[in-house]
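Take this structure first; my questions come after.
We just call them A, B, C and D in the order they show up, numbering each chain from 1.
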Amino acid sequence: MSAAHSNKLKYAVFGVGRMGQRHALNVAFRTPRAELVAVADPNPSTPQWMKDNLPPSTKYFESYEDCLANSGADVVLIASATSWHARMAIDAMHAGKHVLLEKPISIDLETSRSVVNEAEKFPDLKVMVGFSRRFDESYREARKMVENGTLGKAHLIKSATNDQYDPSGFFVSYAAASGGIYIDCGIHDIDCARWLLDASLGIPNPKKQVRRVFAAGHNIRHPELVQDNDVDNAVGFVEFENGKMLVLHLSRTAMHGHDCFAEIFGTDGKVIINGNPQLNRVEIRDAHGVRSESTPTYYERFKDAFVTEVNEFTSAVLDNKPVPVSVIDALEASKIATALTHSFKTNTPVFFDEEGEPILA
Amino acid sequence: MSAAHSNKLKYAVFGVGRMGQRHALNVAFRTPRAELVAVADPNPSTPQWMKDNLPPSTKYFESYEDCLANSGADVVLIASATSWHARMAIDAMHAGKHVLLEKPISIDLETSRSVVNEAEKFPDLKVMVGFSRRFDESYREARKMVENGTLGKAHLIKSATNDQYDPSGFFVSYAAASGGIYIDCGIHDIDCARWLLDASLGIPNPKKQVRRVFAAGHNIRHPELVQDNDVDNAVGFVEFENGKMLVLHLSRTAMHGHDCFAEIFGTDGKVIINGNPQLNRVEIRDAHGVRSESTPTYYERFKDAFVTEVNEFTSAVLDNKPVPVSVIDALEASKIATALTHSFKTNTPVFFDEEGEPILA
Amino acid sequence: MSAAHSNKLKYAVFGVGRMGQRHALNVAFRTPRAELVAVADPNPSTPQWMKDNLPPSTKYFESYEDCLANSGADVVLIASATSWHARMAIDAMHAGKHVLLEKPISIDLETSRSVVNEAEKFPDLKVMVGFSRRFDESYREARKMVENGTLGKAHLIKSATNDQYDPSGFFVSYAAASGGIYIDCGIHDIDCARWLLDASLGIPNPKKQVRRVFAAGHNIRHPELVQDNDVDNAVGFVEFENGKMLVLHLSRTAMHGHDCFAEIFGTDGKVIINGNPQLNRVEIRDAHGVRSESTPTYYERFKDAFVTEVNEFTSAVLDNKPVPVSVIDALEASKIATALTHSFKTNTPVFFDEEGEPILA
Amino acid sequence: MSAAHSNKLKYAVFGVGRMGQRHALNVAFRTPRAELVAVADPNPSTPQWMKDNLPPSTKYFESYEDCLANSGADVVLIASATSWHARMAIDAMHAGKHVLLEKPISIDLETSRSVVNEAEKFPDLKVMVGFSRRFDESYREARKMVENGTLGKAHLIKSATNDQYDPSGFFVSYAAASGGIYIDCGIHDIDCARWLLDASLGIPNPKKQVRRVFAAGHNIRHPELVQDNDVDNAVGFVEFENGKMLVLHLSRTAMHGHDCFAEIFGTDGKVIINGNPQLNRVEIRDAHGVRSESTPTYYERFKDAFVTEVNEFTSAVLDNKPVPVSVIDALEASKIATALTHSFKTNTPVFFDEEGEPILA
């Protein structure tokens, strides 16, 4: 964790909505080798927020293009609305910037592919998609156990991302743009399963990493989602080409908090991550029983992972190392999420062809 | 739990293998209104075991037909090998005996149906299949929460029966006769899901309780199972006609013990049963960490349920009340297990027709 | 667990208040080698309760002396009010009966000693005090770990018996007769500590098993206890002659249930018993958090131990083996509880003399 | 947590042993309104460590006096060996610096008192002792529950600080200088108890906050401690003047990790902090059972608290607010630790006089 170098990596953050603000604060104050030099966001309240929260040296840009041209940043961290991700990422690469991109690249597979293709044209730029769970210490310990054989051979993952129920209906209004529950909510589970199960290793044709997927779901609190062909509770099954399997459950209706769970089965044992999504180390014993509070959102669960993510991306750039998660990884996860969405809509399994593409007939 | 009546219900136990012995001991010593009068088992070691363990008044029969004719039992508890269940049950009904039958009725759907048909001809006899989990206090508390609305509306169950890995390979040699993992191991999960999700209620055509199932699996420690078209790790999905869903995971390869888990999701909360399959109330903290032992087999997990099962069946007979689990329930569970097995073998979802039968094309 | 012998041990139960009823039912229906032949209790409602709950062959006696003379029992299980224990036990021994006595022998040390002295005159009779925790599977597993060295050398126990708060004030009205919180509530903790820490082994003078005790307490919900010189929350410290230590906490004010906890520290690890006093295997996750219900009283916690206690006492008599807990053990525990009570009342440590008697100056 | 101000608070860190290094890194990189300007440590390896880890602008001083005179720091964070704490703190105050001092002020009560007296002469300087648990989110949630009445009235704390056994014997060699287990290891438990039980509130004479203490201990793995009159396992009891109680257990021999536990009892419920000292959110289920890893040292347990501590001290200075923990608090904790040590050595309770001083006769 060498941290004393005088040359810090200069970041611009694009988009300071809730998550963008957190990224900006992390880059400014919690990541030793990174430095926040600029923020771009057209929202008129941005300058005031910056004044209240960021170092006074941070420059403000209304337009991201202006920021690319004039901020002097080395890296762009893109935390804007998903629909802007691909365009901003491509523009940033053309401007010679390294890119740290919030997930997903896009809700649309072809758009995601275009970013991957573009990134391949800029081999000197680091481009990473922020799959935050890969930077969480618990997922990492599980990954280490998979690698060093503590669990024997990992073969199955049961995974769940259950968001706390939001009575305000915010997420529902947002659903149409989110790509649906498999893409918006499931992409992390899918990425972690690929990573923990070595989806791209040990198969004859590494292009074809998935055999088939199957999906189903229902609405229990948000019947209005039907108009967007979406659900608030969904299950999915993925069979990888290496024979390993993922079973996932996605939900918008957890009542106790954000419950993000993974169970990794190996031939010699299993690992459970976040069996109890406890907020802290407090347990109460009173008339309601023996109980603990849960993390309300993904942020309380993964807040340290977001810092590690920036630290490691910074190190990848400054020390010229490979990025921990490539855009190829993100594209593969998108293919699976897209296939699950298709399976859900068509009530039938979706198979993958020899080129590794889902057959969305 | 009035227990003082002089007229005890007289039981004969058919089959005193490991589980039959436990049933016999329970009937003899732990069930106030039940009395063990006879045991039938052709195994030559049976008389000695009886002498060592059962009340001296218990009669021994080599042949179950002899026992039916001459034991004076009111009830037959059938704990023999599965292949004998149907024949013994039908013979017992014809001899005028109430029947408490270990699950499953049969590994074959048509044979199961024949027992159900026969039972309908004897409305005065109580016939129950021993789905032990229905008698477990924790499953019952979950069921009570479903009934009284504590969880809101239950809509999804994630369930797992993971047997401890048996390096002796005993279960593998037994696999061919067991009907495969969905029937042998999954039937309890399926029955509990039907019960907890009210699979037969609130649907327009109560004959059709299931829409479709999907299944997949792989062998990780028992490749020899392939010859029996069976696996040691299997997942399954059931969509009920009422829109509710079951996701299940069956395994023969748990390393820490018998891990039998259920998570019941409702609109207002969820319940987890047996999140930690602990053997007792002891936790150890030493060089291996903070840890607890697990129940090695289903028996340590459900031993009290087996006693309750006999007590309640006894009460159903003596007090002429409905049995808690009907043979119809068992038949419905068998249909689902059969459909899952078919889905696994054919790599395709299996749908149910309007008569409630799986379309095993 | 040989259970088939024709000669069952004949029990009479003295006192069928709440706990006596449970003992009577256990002896009647859950203990293979024991048989309930009689009940003695002057309460006029007893015959009706017996009729509703016990085998019709069970004889009723209004007077315990009559029962001793005419019931034909081999064993007397004494579950009457504590003030009757000693007299009944001595009378039973004189009548040639084995005695299984609910704890404590007496709230008075000299009375307890008189029973011990009397028992020594009847070496052919088995006399046992029912320290139920010694028969609980979790305490036994801890004891086994102490014996086989899994924990290294056990040196310290932190123990708690916290009864659920009873807003009815029943226990307060009962306090004056109970001997106070150290005797009434702490005697189990003391006995377990002696057992688990081998208080009587490896010391030069086995008569002197305790060096000193210290106690303190306060009333937080029951100020009226002051008139009986009692408290609803008490702590205590015992230093044994072998250098090992017990720290205990007794309470009448737990809000979540009966919380009975022990932590046994060894040089190689520690064991926690009943870290979460959960009622069953159900966990709820809802708007109140992640939570479980607790056992409301000691009975739900130890109900199986009471059965094991009778089974083992029965075996001690029928097979002529030593009883698992001797009256000497009970006397030693009483000495310590008495010393703690004295320390609490005098605000000073109490030391033990070379004869092993507390110096209650 | 406004963090954007251009005027950061300038820190010098005195002593960059293990804990001092962590403080220096926190001040340099994780505390938005604080800035590290200097380090003072005579250890010749310090400049190299600084070069590798700290911002290049950080000045190095061999002598702390030089640093006081020439670093331009506003604040001194003292993390040197305990024997230097008092002298450095007093010198810093005389140089006009605010002081954030690692606990304890001193192992000697009179030396501690001298720092408190000196601090009173500099009302414009903020002086705080770093009782890190007060900045931990879990202890804070417990404190909030005490304040808002969630637990009713808090009356009893059972607390434990059990350090992992160190086979290297490092701590033993260090024992003579540490003041013994009650001061070195127990001071946090004592401070938290004072804070959570409002030891200084609601008593007629606020000078006298403690009635009496009692202590005992034994050596189980470090008999050589006897020469320093110290032990590796110690228990203690504190009765506050407000009638509330603390029971504590201190140990150097935990085998599974650093186990730092607190149980706060209120009239309406209790809170347990760190019931399972888990390192992260991973649980393993394998041949060793169901298990989790523990935090190896206090640092993994409290690492975020150390950051919060600096952030809040910074805010106290910049925004001129009271410090969260005063030197008076530290002195009161020292009195109690000193009294417990005396009780242990003399085998007798220690009482406090009307001036609030322990009677160390």
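In the analysis below, contacts are C-beta pairs under 8 Å (C-beta built on N, C-alpha and C of every residue); 3 or more make two chains touch, one makes a residue touch a chain.
Model, not experiment: these values are computed from the prediction.
Interface residue usage between chain C and chain D, two copies of one sequence, is largely shared: over half of the residue numbers at the contact are used by both copies. Here A-D and A-C are compared, and the pair linked by more C-beta contacts is A-D. The distance from the centre of chain A to the centre of chain C, each centre being the mean of the chain's C-alpha atoms, comes to 57 Å.
Computed from the mean C-alpha positions, the centre of chain A lies at a distance of 39 Å from the centre of chain D. Within chain D, the positions touching two or more other chains are listed as 254-256, 268-270, 275, 284-287. Remark: chain C residues 254-256, 259, 276-278, 284-294 touch chain A in the complex.
Of all residues in chain C, those touching chain B in their complex are 1-4, 6, 25, 28-32, 50-56, 137-138, 141-142, 145, 150-151, 268-275, 280-287.
Those residues of chain C that touch chain D in the shared complex are 153, 155-156, 158, 212, 214, 216, 218, 220-221, 233, 235, 237, 239, 243-245, 247, 249, 251, 253-256, 265, 267-270, 275, 347-349.
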